[in-house]
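One structure follows; several queries about it will come next.
First chain written, first letter: the chains are A, B, C and D, and each begins at residue 1.
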Amino acid sequence: MPATVNVTVWNEFVHEREHEEVRRVYPEGIHKAIASSLEKEKGFKVRTATLDQAENGLTQAILDETDVLFWWGHMAHDKVLDEVVARVKKRVLEGMGLVVLHSGHYSKIFRALMGTTCSLKWRQTGEKERLWVINRSHPIVAGLGEYIELPREEMYGECFDIPSPDELVFVSWFQGGEVFRSGCCWNRGNGRVFYFRPGHESFPTYYDPQICSILANAARWAAATVRIADICPNSPPLEPLAVSEKVREPGAK
Amino acid sequence: MPATVNVTVWNEFVHEREHEEVRRVYPEGIHKAIASSLEKEKGFKVRTATLDQAENGLTQAILDETDVLFWWGHMAHDKVLDEVVARVKKRVLEGMGLVVLHSGHYSKIFRALMGTTCSLKWRQTGEKERLWVINRSHPIVAGLGEYIELPREEMYGECFDIPSPDELVFVSWFQGGEVFRSGCCWNRGNGRVFYFRPGHESFPTYYDPQICSILANAARWAAATVRIADICPNSPPLEPLAVSEKVREPGAK
Amino acid sequence: MPATVNVTVWNEFVHEREHEEVRRVYPEGIHKAIASSLEKEKGFKVRTATLDQAENGLTQAILDETDVLFWWGHMAHDKVLDEVVARVKKRVLEGMGLVVLHSGHYSKIFRALMGTTCSLKWRQTGEKERLWVINRSHPIVAGLGEYIELPREEMYGECFDIPSPDELVFVSWFQGGEVFRSGCCWNRGNGRVFYFRPGHESFPTYYDPQICSILANAARWAAATVRIADICPNSPPLEPLAVSEKVREPGAK
Amino acid sequence: MPATVNVTVWNEFVHEREHEEVRRVYPEGIHKAIASSLEKEKGFKVRTATLDQAENGLTQAILDETDVLFWWGHMAHDKVLDEVVARVKKRVLEGMGLVVLHSGHYSKIFRALMGTTCSLKWRQTGEKERLWVINRSHPIVAGLGEYIELPREEMYGECFDIPSPDELVFVSWFQGGEVFRSGCCWNRGNGRVFYFRPGHESFPTYYDPQICSILANAARWAAATVRIADICPNSPPLEPLAVSEKVREPGAK
């Protein structure tokens, strides 16, 4: 893990401008709330980026300086530029961490990395959610008890159409009767991806101290990768090959 | 598993037309060789499709009648229509099996389902490959011994940039000094995906009885899924919710 | 999968003899209820075995004729003979399927195959359980809807101390606020193991048609393995080794 | 990860006393060679323990002070006391890391944690081994290239009878024609287990700088767990249960 983890918190930043009741909860935007909570922890250098900026705020230069990218989006998934999605995906596969939040499950970047529809059940009532820790020794749950509780959240329910997670960290219980794999880890290329369910824009979830602690843990986990240098893929043999005739290469790869 | 498994073998069918030494090995195309070997087994109904056909031979009607799709491509990955790739992907996520062969690792459809670059090392010399069985009880290895040997094949080497397979079935040893995860299973949506490494166009790999047996096993395995009906994702609560005020839905999902 | 699947349903058969309210639910024992439900399906040949029989009812001859063993135990885990546990474990690793039910999570055989404590939270009140399907294309959920509901069951809660399942099939929601990985698959050696949570002795769970359907599916799934012949482990080289001096074997393996 | 990682290197220490050619390679024992290499790295406090000591050198007090235990054994697996094995297993499940080396695959402790036979193929000739990195971003491969090469080692071949690893880090190529999953990670309870293949007693493998680097990385990885406090397993409901009659508890769990 780098001594300082460079975090970029990306938010589409539309709800907060268009909906008064969301602005009341996050007057400066969800990205600013998350950035503030991370800045209180040691070892992070945090910036934010939003959809309305040039290149959606995610230029190559900014991505090159980012160890971990947080992603919150919902209404405007389709407005994210395809070339920006390709750029972010390339950086994840090179080793950048990605933490996808809540409705980001339907973002272009998450679906491109998963290869599935990422669909789920949902109910926007505002009910109790209890996130149970499934993997008690995982770095992302450091400092927690056996569960955390959120008094009011949107419901997401199974079946969540994702590849089987490499590590399952949280499963949620909902008051209305559903369950959900709420904290899931995947390796993709040299990068690590964490999906974390809570965070509907109408509720003050990102001010919850336990949620903040999980986001900080997730950033540290997602940054803790190494990277081995790439090698020329067309490789001479390492062992002697006694082959009488070399086969002609019929087509280039 | 359906009583009869409807298989479609897709091939770009370019090498066999452009390169004399490939035509010598597969005069009617790789797809015909694979189709012939499957037709000798009970329980398959086989058709073929190629790149040069209308809609690349993969119309919605044909896909709807396909339980398992085999995919061989190499030189012409970029010529496959994006809308055909999207159609195939949708069918896989709905439950169609997909068996990706050899250089198909770089096909649009495989990369879209994996979310990674799917890059690897390679050497086109023609050397011995030995595929070791890693999972001895897997249906795909039924009837085999502890390894199979191919006297001359192209080399593919690690690191293969794929998501960790849900099941690892074969690992190859190459004479020139490399190893490779040659048989890998994934679940994607309701569908099953099997990647199988051997099958360079210059070598008679698809006439090898053990390779034919593995392809038939793979088709049966990929067809053996069930499918639960979809449900309206916006779900009313199953349990009573005593919530005083309903939250307004700020944006449509 | 064999044409006929030979199933042995093992039950410690103690609650039903000692507790009147359990006997009322399962007058002939849980094993007889499960056996009856399986016998109504095609393709099974079913017998039962109980703790009080010679060698706990699981002689080598009976195990040799068993494709899939069901296991229900609770009060008398410690009374199962260690040599019987070793015999069952050996058969699982050779390829016999094992379906462990409910309080069988603490059986000697399950813990020996898992390597962990298999501990969990529990509450014996009798409350609603809803089992959500997590893997919609898995053979074990064939014929189900997106969840099944049991009006009264014992609660089991996370964190369930098991190795990460090779496939997660069900997650339960409990009325009292907990979640649980209720249907889990593992490969162990050549054998398949399925743990299925429901089935407290006080409730008529094993008469529920959907539970019966899952048990039959699980038996078919657990029987669907192949087995490759064993090879002498001390292996001569397959490739020529030009090694000047043979190293003396300092100790026997 | 603790600021200082307390490592205990355990060795049966028999070959080095009984076989002159092993003593020539490891005059003070394999454990001392490994301990020396770890002591050169920052952040480790290292001690050793051997079979011939009281309680096999692994008293409760020593284990309580151990964050990561290395294990090398071969000739004398059966001489390790069963109560010591149980004690080590308990500590692993509580959160201690365990790094199992080479012929330790057949140790009581490894087999107890895996639940399988842990059998494999082998050949004691002394041939070239090349360990390919399969997971390029894993902390255990930090600082390596795409493979490491050992000029002479014992061969271990598939099929290695282990549960599917949670993470596969290395696969070996052997000169004589076999492959092997040489670096495998598992979570067991709160602990992490790493199996690392190389290290036959006749070869100077544990002096190789790249092997030493891997062992240090493995120790850091195995120590990097967290631990959530245990909770009383018999749990009162978190949500109100309107159940008319409490069910009598027929038997104690």
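In the analysis below, a contact is a pair of C-beta atoms (placed from the backbone, for glycine too) under 8 Å apart; a residue touches a chain by one contact, two chains touch by 3 or more.
Remember, it's a predicted structure, so these values are computed and weren't measured experimentally.
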With contacts defined as at the top, give the pair, B-D or A-D, that has more of them. A-D
How would the chain B/chain C interface be labelled, same or different, where same requires over half of its residue numbers to be shared? same
What's the chain with its C-alpha centre farthest out from chain D? B
Inter-centroid spacing, chain D versus chain C (mean Cα positions, whole Å): 28
Between chain D and chain A, distance of the C-alpha-averaged centres to the nearest whole Å: 32
At what distance in angstrom does the C-alpha mean of chain D lie from that of chain B? 36
Note the residues in chain B that touch 2 or more other chains, in rising order. 130, 133, 135-136, 146, 157, 159, 164, 166-167, 175, 177-178, 187, 189, 228, 231, 238-239
Overall pattern in which the protein chains touch one another (line/ring/star/complete/other): complete
Contacting residues of chain B [partner chain D, same complex]: 130, 132-136, 146, 157-159, 164, 167-168, 171-174, 177-179, 181
Interfacial residue positions of chain C with respect to chain B in the complex: 95, 130, 133, 135-139, 141-146, 166-167, 175, 187, 189-192, 224-229, 231, 238-239
Chain B partner, complex, touching residues on chain A are 14-15, 18-19, 21-22, 74-75, 89, 93, 103, 106, 112-117, 119-127, 152, 155, 157, 159, 161, 163-164, 166, 175-178, 186-189, 201-202, 228, 231, 233-239, 241, 243, 245-253
